[in-house]
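First chain A sits with chain B, and in the next complex the same chain sits with chain C.
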Partner chain A sequence: MRAIFNIARTTFGEAVRRKIILIILILGLAFIIITPGLGILSPRSERAAVTSLTLGLIQMTSALLAITLTIYLVPNEIDRRTIYTILCKPVRRYQFIWGKYLGAVATIGLMLLMMTLVLLAVFAFQFNDRGFNAAEAAELAKAPLMFFFQMSLLAAVAMFFSVWTSPIVNFFLTSGTYIAGTVFNGVFETLKESRSTSPILRALSEAVQAILPNFGRFQVQNAAVNPGQVIQSEAVYFGTAIGYALLYIVVMISLASVLFENREV
Partner chain B sequence: MRSDINKPVWLGACAAGIAVCAALNQGVLHPLWVRNYAPKNLSVSSGLAPDQMLLALAGFREMVASILWVRADTYFDQGNYDAVLPIIRMVTWLDPKQIDVYSTGMWHIGYNFTDEQSRSDRRYLPSALALGAEGAKNNSETYEMYFETGWMWFHKINDQYDNAVTWFEKASEKSDIPPARRNMLSSAYQRAGQLDKALKLYYDQLNKAEISMKEQLDQVTAFTARQQRDTVEKNLDVFLVRMSQRGNFNADGTATELFDTQPPFDVGFSAEVSVIDAAVLRVRATWNVRPVGTRIRVILRDADYPNGTDAGMDFGASDSVNLDPPKNLTFMQDELFIRNRRADKKMDMSRDPTMYTFSKDKYYLDFYYNPRSAPPHIQDRFGFLGEGMTDKNYLNTTARNGERVIFHRMELTRDMLKREGEWIDKMPILRTPNFIEGSSTRTGEEELIKVPGLLNK
Partner chain C sequence: MGAAIEIIDLVKTYKTRNNKVNVVDHINLEVNEGEIFGFLGPNGAGKTTTIKILLGIIYQNSGIARVLGKEVGDMQIHREIAYLPEKPYYYEHMTGIEILQFYASLFGNIPKEKCQQLLERVNLANDSTKTISQYSKGMQQRIGLASSLLNDPRLLFLDEPTAGLDPIAHIEIRDLILGFRDEGKTVFISSHELSDVERICDRVAIINKGKIEMQGRLEDLLRGGRYEITASGVPEELGRKVEGKDWIVSFAQDRLIVDMPDSDSPNELMQSIIAAKGSILSVIPRRKRLEDLFVETVRNKEVSK
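Take a look at the complex of A and B:
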């Protein structure tokens, strides 16, 4: 465990100093700050539009951060040959993978926390006169909390791909998996529900939706965007979704470890 | 350092882990997510540009909806009404919480598609009402869409008032309804013949207004409360006077000759319809009521119009919003405004072939008058429910479930309306048997409004 912790700490230290990561973060924060200005597009639903847009921005920025950060973690160590200095010590390969992954997750967590704090500050400033209070802030913060588990899962997927593909290929594979698990959820639902869909296509879309990590399950922002909805079994849902993420992460990192065991470095 | 892990066992464990994840996803997460967190309509809609679709699917639905609505406003200003329709549907799909889009959309569909003579296309009304119902369902926490849907029944359809009552009652149950809007329910009760409920609601409203007036401390809210109290008080006074005049307080529940509504007044309806050119009607009618304010509804529709009824259709029959109503159907509704006890109107449908396709063989031309829609000075004689009105030929109590209305139906064929076949050189003229030629010919006095007075002779 100590080896994993040390690698994670080093990875975290390196990650927060990477310029590309900081640039993405700064852009994300800037967009979050200026977003309330777009509320005029929807005068009576200003709050809903701004909430939707800011949470969407956080999600997109986090996804970009998670992918950009994780795809280089293992290849960089191999390219710079620093991996030899690590693996020649009493460190097992799976410990190296887990350490790298946890370092990435800690970085993503920190950046998500920063964006969430800025979001809450922006809302407190913008909607203070319209009853934005602690309870609403807590409700709003649930979405970034679930984004954290979503991005942790995304980082695990990127880590899995990173042990056997190049960073460029990994970028497209991970992005594709993320898009399939979020954006195309609606497409899969349509295919499943449509009467005109052939049974083969329906079965295929069900299989793909079941097997691929379903990132859409962590998109709980609809409750914050449209307050007043009655949410049933919230604790059960959050618990199950987090359990789902953790189990999938263990599977992905285990697969990455198994593949990395047999890789010549 | 390389470990000696058992690869097949690990891979098997990972496969089992993925299977558990799939089961969790489909068995627990999916149903809860759909119930709690999914946008109202998850399926993919056509009509969005690829960039809009991507943004919408990526979670920016509300913002895309807002941008589209701004674009709809531009189209509306340009008079491009057709382009607004799909945007309304897309915006409500993307963001079902945009109440303004629902209310503006149903108003637009219901009112703004008109022919060259400003008759609105009533084929859209079922969709407009369905849109209102959908908006109410998706925004059940507020009164707004219930009220808007009720208003469409009350004002646009202006008939079958039980439906307006139903929607206004639902709106009134919501805590956010302004008192002035709740007053509308009383008007709907009156037209639906539920006078006791109308009276009770007025008293209830007055009571609430007086309590509210006492509670208000600042000047603005106190003024609003006082205004509401004064309005309800005036409405209640007027209503009580009218009920008294019209015999609604009579001990045995029926008005006698002591009241203004008795004996029933014979309106003496008669009509003649001439097809003066292809898809052009000249309609003349007599109406033995001298005061202005009578409007007789004229409806021309396919004999087999879906959900067609006497002098109308079942407007509330549709559950789905179809913004492209069947173009092969014809439904025209117009009104004859009575001046000096007669009406003479040309109804030109020839310039709107997409609205009046006349693609069927048989048509009904219905004349309809419901005293419940009459202005108060007419109702003072006819009563709230038409108990003071009669017609020895055309009084009807079956067209609207026991309501006293004037109703008469004529049947026409496509050849008659299009002046084809045997009617090429011959003008089709249909008359009620009691129509007297010359009684409604123009005299030059038509625009002269004579001193009001209800005379039998």
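Take a look at the complex of A and C:
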């Protein structure tokens, strides 16, 4: 455990200093700050539009951060030969993979926290006169909390690909999986439930749905954007989503570890 | 003393587009405990691949590799060995002391004072709070060596430890490696710096295209030197006639330089030069150098092919 923790800590220290990561974060923060000014362009209520836009921005920025950060974690260590100085110590490969992954997750967590704090500050400033209070802030923060688990899952997918593909291929594979897992799960769900779907297509939809990570499970912006939309039981909703993420992450990182065990670096 | 490294009929094959290539081709090697062993070869000869197999980073296709009496892959070995790769990168945001603490933490039971002691040993105590990005190449190599000593290893693998260093840093690293021998550590060095290897190694092996071409004690391998005779005022008629087995003769205008094995007597040639009214400028006995042996071994292989 100590080896995993120390590798994670070093990975975090290295990651938060990477220029590309900082640039993405700064751009994300800048957009979050200027977005309230764009709310007036929306025909919907200003608050709902701003909430929708800023949460979308946070999600997009953190997805970009998670992918950009994770796809280089293992290849960089191999290119720079740092991996040899670690693996020649009494460190198992699975400890290395878990350490790198958890370092990435810690970085994503910090970046998300910063974006959330800026978001709350912007809301407090913008909507102070319209009753933006602590309860609403807590409600708003639920979405970034779920993004954290969503991005941790995305990072696990990127980590899985990173042990056997190049960073460029990994970028497209992970991005593709994210888009498919966010957008197409609904399509597969419809196909599965439709009576006109052939049995083969239904079976295929079920199989793809079982394998493809369902990133749609972590969407709570709708409730934030449309206050009328209520989740029946928040505890169950969040609990299942987080449990799903954790289970999927364990499977992905374990698979990555098995593949990496046999990889010649 | 037992064998620190034992390699028996080791093969490592890589697939290329059209065929399979044995990067390490049925090699046999034994390194005794307490010796400094030089593993030499041109680029792509299979040196680093062999080291990576011994470290358990890559896997052999066949053959046996044992380190400190255990089959490679045994995690216990990793507590007793150290590896310094060629031009390693260290996390640049960390300071010298933090790097050592990080690597120490991977062992789990190394006291913090050890890091400070090692910084003093490699002469970096005053730079311990500087970040690695502020370190020169020589300092980075010294911090690498310090990190290699954290677990007080019985066996060190050093891959090109003096490559790209300035002369002062070169000497510092060389002296540190020599110090390892005094402590009874086994050192396995892969290097192109043949003058260093010649000075510090007890035994060497030359690998070329995956095969061990030669191995043995340096003093045995370098037996047999050469003479270099330089003369001026040598008539062209004599200059063109000078020849001998394994002689290297250069003659331009009236200046003659002959490089001959010391198994041949230089007297006859010198007498011929004096008889032809030439002047002997110098006769330099030169002991065989590792560089000569290396070039000879690698070139002979090329010629025989």
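Some observations on this one:
Operating definition for what follows: the second predicted complex is superposed on the first by the 240 of 265 C-alpha atoms of A that agree within 3 Å, B and C clash if a C-alpha of one lies under 4 Å from a C-alpha of the other, contacts with A are read in each partner's own complex, and residues count from 1 in each chain.
Assume a residue touches a chain if its C-beta (ideal position, glycine included) is under 8 Å from a C-beta of that chain, and two chains touch if they have at least 3 such contacts.
Source: prediction; values computed, not measured.
When both complexes are overlaid on chain A, the residue A:Tyr248 reaches chain B alone and has no touch with chain C. Look at A:Glu264: by the touch rule set out above, it reaches chain C but stays clear of chain B. When the two complexes are overlaid, the chain among chain B and chain C that reaches more residues of chain A is B. By the touch criterion defined above, A:Asn6 reaches chain C but does not reach chain B. Of the two partner chains, both chain B and chain C are touched by A:Pro90. In the superposition on chain A, no contact is made by A:Arg195 with either chain B or chain C. Of the two partner chains placed around the shared chain by superposition, neither chain B nor chain C is touched by A:Lys19. In the superposition on chain A, A:Arg80 makes contact with chain C only, while chain B stays out of contact range. Under the contact criterion defined above, the residues of chain A that touch both chain B in one complex and chain C in the other are 87-88, 90-92. Per the touch definition, chain B reaches chain A in the complex via residues 1-3, 5, 7, 10-11, 13-14, 17-18, 20-22, 24-26, 28-30, 32-33, 35-39, 42-44, 54, 57-63, 65-67, 69-70, 95, 97-100, 141. Partner chain C is touched in their complex by these residues of chain A: 2-3, 6-7, 10, 13-14, 17, 80-82, 84-92, 264-265. Residues 52, 55-59, 75, 78-79, 81-91, 93-94, 102-103, 105-108, 144, 147, 151, 157 of chain C touch chain A in their complex. Interface residues of chain A, counted against chain B in their complex, comprise 38, 41-42, 44-45, 48-49, 51-53, 55-56, 59-60, 87-88, 90-94, 182-187, 189-190, 193-194, 209-211, 213-214, 216-217, 219-223, 225-226, 228-229, 231-234, 236-237, 240-241, 243-244, 247-248, 250-251, 254-255, 257-258, 261-262.
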